[in-house]
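Next come the structures, one after another.
Look for chain A in each of the two complexes below; its partner is chain B in the first and chain C in the second.
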Partner chain A sequence: MYSELLPLARTEEELEILKKELDELKACLYKPEGVYEEALSKKVRAGTAGVIRQFTAQGVIKDKAKFFEEIGKALDSFKTLELTIAFEPREETIERIWEWVRKNVGEGVVVKFKVEHAIGAGCILVYQGKYRNYSFSKRLKDDFASQKQALLKMLN
Partner chain B sequence: MDTQILFYGTIILTALMGVVLGYVAISYRKLIEKYERIRQSQEQEARLIEAQKTKTLEEGRLQAQKIISDAQARASQLVSEAATFSSKAQEVLGVAIKKAEEAQLGFYQQALSETKRSAQASLGGIPKDVKDEVVRQLDAVRASLEEEIRSAQIETKKMLAASYSKMEEEIEAYKQQRLKAIDEKIIGILEQVSTRVVGRVLSFEDHEEAILKALEDAKKENVL
Partner chain C sequence: MNDFSEYLEKTREVGTVEEVLASIVYVKGLPTCRPYEVVMFESGEIGQVISLTPEYVEVLLLSAAPIMGGTRVTRTDKKMEVVVSDSILGKVVDPLGKSLIGSLPGRAKAEKMPMFTTPVGIGSRKNVSEPLETGVSIVDLAIPLGKGQRELVIGDRKSGKTQFLQQVVVTQALKGAICIYASIAKRWSDTQKTLAFFKKFQVEGKVVMVVAGPADTPGLIFLAPYTALTYAEYFRDKGHDVLLILDDLTAHAKYYREITLSARRFPGRSSYPGDIFFVHSRLLERAGKFTRGSISCLPVAETTFRDFSGYIQTNLMSMTDGHIFFDGDLFARGRRPAVNSFLSVTRVGLQTQTNLVREINRELSKFLVVYEKMRQYMHFGSELSQGTRETLFLGERITSFFEQSEENIIPLNINVLLLGGIWAGLWRDTEIGQMKKEMYQKIDIYNKDASYRRMVNKIITDTETFAELIFNLKEDSSILMGKRAT
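Then we have the complex of A and B:
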């Protein structure tokens, strides 16, 4: 349902932006003619405006008020996958991870990135109350703990 | 007619009042003169009394001074006489005390001489035995002291050895503790350095691969 909108809300930040844009458009529905179109052109991202226009052209949006109501509810039900990673994610990173999540976890999941350089590499993951630490620092700590004596012997 | 009576009545009354006022004025003047005389008389009397009082005081003062001078002279004479008596009495008393002392001393000297003679007679053969006994006692005390000193030395050595041993143990324990802390710190530093180096060395692609690998693992573990 409205899967064309999903790439516009890959991360938690993007989801919030999309919600605000749709609220903005919804608020223009009962204003004088032309205000809605102007908002579509100037107050929302080009990608968002493109998808809305496409929906309108394809006849997907028959009742705009109903559409905004439904899409608002759908976005509110999105789940969040929190990933703590060791670097600032670039566009490709967001895209790759989101694609993987979409294929393997399902639609309606946004990624919330947190950056913590101290973990070295890998990630710490929190999803629906579950926590896993797949960071390099954790693995290194575990390895050092298990081979502590050997390591100390080597150092001495 | 009435007017004439009133007129003449008024004139008569006015005249009478003038006469009365004149009498009052004359009486008042006489009264003042009398008062002035009395005042002057009183002042004169006061002056006379004051002069009399001054004279009496002066006489009294001179008389008191004479009494005091006489008293001082008499007191001085009495003191002088008392001092003479005191020195005479002291002289007599001193002589008496000296005699008493001499008598007492003679008595004591005699008693002492007698006691001495008596003691010499009683203890004549004892000194050698006493000397031997004293030497024996001294030897015993010396031996006892030496023993005490020896055992104190041994005790001290033992205590020192025990303290030293305990100290060594404590130092060793502290050393091990510090070494362990250093080892932990080294491992901590190693971990931090390794993590930092890996974080910097890996490319974006490697980082992303590591994350995707972690996600795969999470999926396998049913976390996702």
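Then we have the complex of A and C:
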């Protein structure tokens, strides 16, 4: 419905920021004229302001209060995909992962990045209570466990 | 239990703690979790799933350590289990099977049994047909019990219930039964006293104590009787006769009420949850007499000011095969044990007794009612008729005979013989104090001297009726009076 807003909430942190920005704008609705416009230019990110202005120009926002209420509910229903990786993700990595999640998992899903160097490589995914460990450390552990006898034989 | 990450890798499901309400934890996640499943927290604590909602998994915390919001939780794909083996005998354990005193020996041969099971069906059950000796004179004669019977022990606090239970445990342990004692929400000092009592009689090796004190979590206290029953079932399956003491279930109900109120369940009568009857009945239904072995269960219920019409008390009465009422008033008057035989009931105990004991029970019950009526005329003294005076005289002696300290265990056969002796008037001219002294001497001889024991047992086995016993004792009292009579 408001798919233009989705790129602004790719990660859990970005979702929180977007929620705060929308709350800020909502709070300005009943203040003197000009306060809302001022908030739109100064208190929210340029990307967010751009999308809101675009919605206004296209006539998507007929009733501002209703719009903010609806969008707030939609953002609250977003699901979180927890992704544990072994490195700090760069902007292009975040973008790439988010695009993949959007295509394969669906819209309305934000990524929560967790960095854990101990996993070595690969990732651990947690989505709606399901846990999948595709990390290098797990692979290594499994391999050692299955080939323990052979390895001990080699060492001896 | 293995560690958190092992279970996480195995079940591949994780949740996070959203809310902690006393001993109830609300967890988000764990999509295929089942009711009663054990879950493990990241910190190593465990909990049991008590209900599921579309958003949350409601978990009953079983560890005392605090759980923080955001803590990860994983499934274990297991229901509550108890590690059982013969080596558990003589141990004091908590409801999760961890030893509270000393360490548990190696559990190489240990097996696991589910804590919550469906009671065994009627096909594997038998009639209660063997007597269960308690070692307490008044109970063995006036309210006799049978193996596999569920008899409620009810009474005010500090009315001698625990002392009675200890005597029963000692009697049964000495007879070779396995005894499981669940100490539910009792002070540690009281539990230690009970343990010391068993040690004094050297029966601790036949007893397993499952202890959950008031300092434990309500979840752990809730599990205590189920753990005890699981141990009982393990020994029953091996063909043993098991005595199970649940001391006490009113405290158990209170802790269950605390749990359910924390979990925002709708409160029913006296704020207890609607399923409190089910909780206790599914527990007691697992006891009984089986084709192989038996579980005799003595649950305890506490009353307030002799009022046994309370919710939990009446529930328990309806689930059991009778009750022994410990009267606070009798206790205050110095009667030990303070058993009120008029308000006590045994539904299946009598059918297990010999003809002789059944007849004694009948005679005794009739006599005690008459004696109780006559007692109000006592103050008339010499103006009373000869018959009334005889009744009062005998009643006084019988009541005094039933006075028994917790240190004394009276075997059934000598018990029957001594009562027969009183009834036959063997101690008619003896002071009550002297009579009791002589009686305890006979009990002591019975316990120590095998040939005397054989003689007494033979007399009791060969005697069919109470009248015959009285007649024989009047004819030849040497078995009780010894040299004194000759």
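Odds and ends about this structure:
The definition used in the following text is that the second predicted complex is superposed on the first by the 156 of 156 C-alpha atoms of A that agree within 3 Å, B and C clash if a C-alpha of one lies under 4 Å from a C-alpha of the other, contacts with A are read in each partner's own complex, and residues count from 1 in each chain.
Here is the rule we go by: a residue touches a chain if its C-beta (ideal position, glycine included) is under 8 Å from a C-beta of that chain, and two chains touch if they have at least 3 such contacts.
Computed from a prediction, not measured in an experiment: that's the story for all the values here.
When both complexes are superposed on chain A, chain B and chain C fit side by side without a clash. Vertex at chain A: the C-alpha centres of chain B and chain C lie 40° apart in angle, rounded to steps of 10. Of the two partner chains placed by the overlay, only chain B lies in contact with A:Phe144; chain C stays clear of it.
Taking chain B and chain C in turn and counting the residues of chain A each one touches, the greater count comes from B. When the two complexes are overlaid on their common chain A, residue A:Lys130 makes contact with chain B and with chain C alike. In the superposition on chain A, A:Met154 makes contact with neither chain B nor chain C.
The overlay of the two complexes leaves chain B and chain C separated by a minimum Cα distance of 10 Å.
Residue overlap on chain A between its contacts with chain B in one complex and with chain C in the other: 130, 132. Residues 126, 128-133, 138 of chain A are the ones touching chain C in the complex.
Residues 81, 83, 85-87, 90, 92-93, 96-97, 100-101, 104-105, 117-123, 125, 127, 130, 132, 134, 136-137, 140-141, 144, 148, 151-152, 155 of chain A are the ones that touch chain B when the two sit in their complex. On chain C, the positions that touch chain A within their shared complex are 8-9, 11-15, 28-31, 74. Residues 183, 186-187, 190-192, 194-196, 198-199, 202, 204, 206-208, 210-215, 217-219, 221, 223-224 of chain B are the ones that touch chain A when the two sit in their complex.
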